[in-house]
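Attaching a single structure in structure tokens format; questions to follow.
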Amino acid sequence: MTYTVLARCPRTGHVGIGIATYSICVGQYCDGLQSRVGATMTQAFVNQGNNGLALRLLAQGFAPARIIDELGLNDPYHDYRQIAVIDREGGVAAFTGPKTRGWAGHRIGDGCVAFGNVLAGPNVVEAIAAGYAADPDAPLERRLLRALESGRDAGGQRGAQGHLTERSAALRVFSDFDYADLDLRVDLHDHAVDELRRCFEEYEPYRAYYRERGRNPHDAVPQDVFVARLKASKAEARA
Amino acid sequence: MTFTVIGHCPRTGRLGIGIATFSITVGMYCNGVKSRTGVTISQAFVNQSNNALVLRLLEQGFSPEAVMAQLAANDPDHEYRQIGIIDRDGRAVGYTGPKTRGWSGHKVGPGYVACGNGLVGSHVVEAIADGFMAEPDADLEHRLLLGIEAGRAAGGQGTKQRGKTERSAALVVYSRYTYADIDLRVDLHESAIEELRRIWLEYKKFEDFYRDRSRNPRTAVPQEVFAARLRAAAEATP
Amino acid sequence: MTFSIIGRCARTGRLGLGITTFSLAVGGRCEGVKANVGICKTQAFPNRGNDPLGVTLLAAGYAPARVMAMLAANDPDHDWRQIAIMDREGNIAAHTGSNTRGWSGHATGSDCVAFGNGLVGPAVLDGLIAGFLDDPTAPLEFRLMRALEGGRDAGGQGTATQHKPERSAAIKVVDRLDYPDIDVRVDVHPTAVQELRRVLEEYKRYEVFYRERGRDPAHAIPQDVFAAQLEAAQR
Amino acid sequence: MTYSIIARCPRTDRLGIGITTYSIAVGGRSEGIRANAGICKTQAFTNRANDPIAVDLLAQGYTPDYVMRALAENDSDHEYRQIAILDRDGNAAAHTGSGTRSWSGHRIGDGFVAFGNVLAGAQVVEAIADGFAFDPAAPLEFRLLAALEAGRDAGGQVGGEGHLTERSAAIRVVAHPDYPDIDVRVDLHPQALTELRRVLQEFKLYEVFYRERGRKPREAITQDEFVARLEKTRAEGRV
């Protein structure tokens, strides 16, 4: 009961993940991204050691398919995992263990993997991949978010009792730094993908401000002043 | 109260420590040797974090002098420490903090640092250096042992009125492997340097046997057979 | 001919190795004990490269079972080795090659793995494990010491007709710092396990003194003063 | 306009960070915590490069005091930063630059640092310290949360226009593994701390289930079933 898009932007080399699930606090498990190294995610029955190991193997230069083999050799419960790996050149591999539950599967696209388990059907991963591919010129984070929304609109998760809502979601993008460029989460909410979109749209105008006040503190305006200006410009736009 | 020599062999690139002290289990603190990286010892009032930090910095390419400066900046009690550092090229640096106790000092020479504290006098450190330099073509472990034996013969630890025995000692040498070539210890003994010499002489007989049986287990004779051959050979030579 | 135990303290997460053998200076061949990572110990016909490689693989995130498989793939003489591996969570893998000599084997107990070769029989492994489990509340170093004594008292090394003495022994315990918590050794001695007990007991009397004089040198008393106090207290 | 606490649990050696602020998605800018190494948190006019550098230096064996000096020498705008550092033994260093907006300050305690800027006054930092000390037997994550709540109740943030609400908050705790033990966040909410308590308490109900289904997938019940059981116990008033 999770659906995810893992991708590398071919224009910028940024790597990112968009994820939504019925489980709570899913962002806690999305620690498989590193600038200039690659991206990986293990879901379904999570082996929490996988992301760290896969990143170290990516850093050493192993190919994604070989890394998934290594993870398999390292884990007696590999069949219960769902894994995607993307390297710094956009090489991609994915694995859906035969013992993951419900409808489970993945679809590999150009520098991206759409994958999920306990889903309404294969149309969900198709929709995620299509959502990601819809606007290749958009920034990676917007492509990831659109992919998640497409997955949601295609039916999302379906368990034994029927449709399952998204209770948590996360959006993370790494560019060139030791830290994330963008890192947004919803940990517990009735419509986590909607809420993630709200957070993103709210946060977006602040991004440059947050970055610049750290780089040039001399010239930074106080945040309350920035917020006031933001409100004014929004009001102006409406008028 | 400890006396030590750390050294680098210019012929082979091997790195090692010889150390003896009144304190017990001193070998526990000799974790500052790494193949093709360097060797370091922190003694007197030991900051146990120093060794690992020094090796990481040497690995990154910092010079021994730069590493020593970083240790000083990292430790409010630096003046209580005595430290020796040698890098993989044999560049050596020593430091004796003004707050170490008893007579304390060090001598730096080509590929070595001789150092000690709580000693009967400066001639102990001179003697260690002379001992280490006495046979420059010999194996490093031999030179290290000669160094600390010379230090003991010159009076070792304590004061002129009252000497102190060596209760523990250690000899560690690395060459190019991820593990030690030689790693011998005496943890608690009334004359630890003599005991270390005894162990080293005994160990030398087995050294090649231990190495070869791990590399070629298929052809290795059992250890008791090897030991019996050793005894027979010893009896054959009067 | 060696018997060893690797153990984990469930209360503190500390890891340790206890080892004794007829060979000399065995403590000098125990570099596979790494804080925050785990323990790998190869014996019998040890491949000295194994243990550093084993802990490097553990540090990369591989599980003990996988590390063992990689060591096997890396070594044409794997069948001559005896290897035990434990990660920081207490997961265990063990291997006794078919070409190790004398009675050889390994056994696991709660938070521990006992392994040995050239032994009088399986009772030695039972003795190691029983010794380790004797007092689970004791500090790990003493549990490892009890284990070695248990192995020795169950017959140790040799055959039913010919016993072999322990000539060297060592105990190493790591916590989360870069340097070991406990690292005591006997390199050549006719009864090395007994001697190791003496060294360990003596070291424990000095342990806090040694640690604190390094951390707070300004307030440290000289060691001769401390030793005199210790003797007075013992009398 | 942020207040935080970094701390070490003396019983378990776990390390943790608790943070809340008017800014959005602050948890996405809190990567300076690493198991077996230590914590560094830079705030006020954040230099994002600081925390990764500091944690690397801590991991190499440098002391917090040394690391702080290294950060100072590396940053011409050091006086605009507020930084707290804690190593794995609980040794601490803190810096509140003269260029941070008032009231700003820190308090170093035994194994923790409480610090903040654009606050109602010194009493906020004192209250954070008291909140942390209140129940030493509690798990670290709840001690961190209690500390933040005490800071809020003591007045929290006050900017040029008066009181500022907490819009985002996060708690992260690491033990020995490479991945966090606890990592919960609220990125955009009018009462972020109240919401963070709700998320954390809910997560604690799932914590063991999530961990064990990864470790022993064969024995794992489905999440639907787990939730059904949870709701049953909740209805019976046992949660």
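Worth a mention:
In this document, chain identifiers A, B, C and D correspond to the written order of the chains, with residue numbering beginning at 1 in each.
Everything below uses one rule, namely that contacts are C-beta pairs under 8 Å (C-beta built on N, C-alpha and C of every residue); 3 or more make two chains touch, one makes a residue touch a chain.
Quick caveat, the model's predicted, so the values are computed rather than measured.
Considering every other chain in turn, the ones in contact with both chain B and chain C prove to be D. When the C-beta contacts at A-C and at C-D are tallied, the pair with the greater total is A-C. Each chain gets a centre from the mean of its Cα atoms; for chain B and chain D, those two points are 45 Å apart. Inter-chain centre distance (chain C to chain D, centres taken as mean C-alpha positions): 39 Å. Chain A and chain B have centres, each the mean of its CA atoms, that are 54 Å apart. Annotation for chain C: residues touching 2 or more other chains are 61, 178. Residue positions 61, 177-178 of chain D each touch two or more of the other chains.
Contact with two or more other chains is made by residues 49, 52 of chain B.
Taken as a graph of touching chains, this assembly fits none of the simple shapes: it is neither a line, a ring, a star nor a complete graph. Inter-chain contacts, as defined above, occur between A-C, A-D, B-C, B-D, C-D.
Residue ranges on chain A touching chain C, taken from their complex, read 49, 52-53, 56-57, 73-76.
In the complex of the two chains, the chain C residues touching chain D come out as 13, 36, 61, 88-89, 176, 178. Here chain C touches chain B in the complex through residues 1, 22-25, 27-29, 31, 44-49, 51-53, 77, 80-81, 99, 101, 164, 177-180, 183-188, 198-199, 202-203, 206, 210-211, 213-214, 216-218, 220, 222-224, going by the rule given at the top.
On chain D, the positions that touch chain C within their shared complex are 13, 35-36, 61, 88, 176-178. Here chain B touches chain D in the complex through residues 49-50, 52-53, 56-57, 70, 73-76, going by the rule given at the top.
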